[in-house]
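In what follows, a structure is listed as structure tokens, so that the remarks can point back to it.
Note that the chains take the letters A, B, C and D in the order they are written out, and that residue 1 is the start of every chain.
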Amino acid sequence: MARERRVFTGRLIRTFRQVRPALQLIIGGISVLILLAALLERLVEPAVFTSFGLSLWWAVVTVATVGYGDVVPVSPVGRSVAIVVMLFGMAWVPTVTTLVVTALTRSPEEDDVRHAALTQKLDEVSARLERLEQSRGGD
Amino acid sequence: MARERRVFTGRLIRTFRQVRPALQLIIGGISVLILLAALLERLVEPAVFTSFGLSLWWAVVTVATVGYGDVVPVSPVGRSVAIVVMLFGMAWVPTVTTLVVTALTRSPEEDDVRHAALTQKLDEVSARLERLEQSRGGD
Amino acid sequence: MARERRVFTGRLIRTFRQVRPALQLIIGGISVLILLAALLERLVEPAVFTSFGLSLWWAVVTVATVGYGDVVPVSPVGRSVAIVVMLFGMAWVPTVTTLVVTALTRSPEEDDVRHAALTQKLDEVSARLERLEQSRGGD
Amino acid sequence: MARERRVFTGRLIRTFRQVRPALQLIIGGISVLILLAALLERLVEPAVFTSFGLSLWWAVVTVATVGYGDVVPVSPVGRSVAIVVMLFGMAWVPTVTTLVVTALTRSPEEDDVRHAALTQKLDEVSARLERLEQSRGGD
């Protein structure tokens, strides 16, 4: 039991190592999006987003889909920026899941190659046996 | 390492290509739902949803499960429409994940066919060997 | 291409059919939870939850993690009920994903059985060949 | 049909048993985070978080990404604590999904070992057959 758990933990660590570059890209992308959205909202709606700190706070609350509602854009342009941030928040979970599942599973293409290799080897064995039988029949 | 990452990226791109038609259907369906819900709320509760733009803003905030609470339906009919939008927001992540996992994994049925094919080939080899042994015994 | 898409769609339909009983259980459970939570809040905090309809509206908004904040419990008992509803909302997505992935993948145990079966068949073939070689050597 | 469902249920139970220690760690970690964040907010913003109970309520509402907005930190330090809680809420679903998928799927490394074992056995059979053919040729 303790050994099985160690193997399981080892696989988790290896998977995270493989997923890391893609994960860094996604986290980096969301960070840039948050900074950009905060900057845009500060410029577009200075009356609501009275400081860059408040803009940043709003962007994180939005991308995490928490949405307290303490700061909310009211102009069409400000809301359009907010919609982009929300869509990224929505896409976050399935994207990360996709990454991990892709890293964890053997690709169907690789399975095809392996199955073909085993089939070919078995066909060779069969052909050899047929030759043996025929040479016996010809005794 | 760099080559492994290239292979991983290639698989991601291929998976997204396979999932694309289904993903387009889901995104298209959510877009239609958002437009329809926005239109319905505008008609049912004109006092709260004072413009179609505000209705649209509310629908996106709801389907993304952000829920600022700056615009909220108050009538039973308006709330019923909102509940449908929320349920779609809830279903979004597991549905997309299902799609991707289905695209990524070889189906158990295909595995069955392959296992059966290998087993049959091995049985043929075994039968051939048995005939060879018997013909030797009959020398 | 069109044929591949048909196969993919067929697998999706089959998976949903297999997952359906478990999914119905989860959806049924959440429905009962929503009704129960709405009833409890109506009884515990009649000042906030002024009607059963409003209680229901709050429960759906909470389990979907939308959280508009238009109706919020304020008493310790009312908040404890709300926390249970939130935890179910949080658990929803990973639970459904688990169900689907379990339905889609062949179990490692089945893979073990198949690998063992192929190995055994190959060992028999090898043993037969060894007997053949030895009988030749004994000519 | 009834039997298939029983097998499916059995697999679900086994998977949850395997995932349990990791799940307990994650749930334990989130519980500690909620307690710690509630304590910190109570100390940092006593004007908003007027009791430890209210602090706890806010932490659960935030980590579940419900975000009613009835209690919201307003100071930079209080908001920084909140951001950490939100990020954990965001990471919750993909992390649990990763755990389950890792527990459910056979690792590619194990598949490699199995494929290599079958290939080696087939190569041995082939080599034996070649020796048999050559010894016949030498009759």
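Structural remarks
Methods note: contacts are C-beta pairs under 8 Å (C-beta built on N, C-alpha and C of every residue); 3 or more make two chains touch, one makes a residue touch a chain.
This one's a predicted model, so the numbers in the text were calculated from it and none came from an experiment.
Seen from the C-alpha centroid of chain B, the farthest chain centroid is that of D. Of the two chain pairs considered here, A-C and A-D, the higher C-beta contact count falls to A-D. Just one of C-D, B-D or A-C has an interface built like that of B-C, with over half of its contact pairs in common by residue number: C-D. Each chain gets one centre point, the mean of its Cα atoms, and the points for chain A and chain D are 14 Å apart. Centres computed as Cα averages put chain A at a distance of 20 Å from chain C. For chain B, the set of residues that touch two or more other chains comprises 65-69, 93, 97, 101, 105, 118, 122, 125, 129, 132. Chain C contributes residues 4-5, 8, 11-12, 15, 53, 57, 60-61, 63-70, 92-93, 96-97, 100-101, 104-106, 114, 117-118, 121-122, 124-125, 128-129, 131-132, 135 to its touches with chain B in the complex. Contact residues on chain B toward chain D in their complex (touch as defined above): 65-69, 93, 97, 125. Considering their complex, residues 18, 21-22, 62, 65-69, 72, 76, 79, 83, 86-87, 89-90, 93-94, 97-99, 101-103, 105, 107-108, 111, 115, 118-119, 122-123, 125-126, 129-130, 132-133, 136 of chain C touch chain D.
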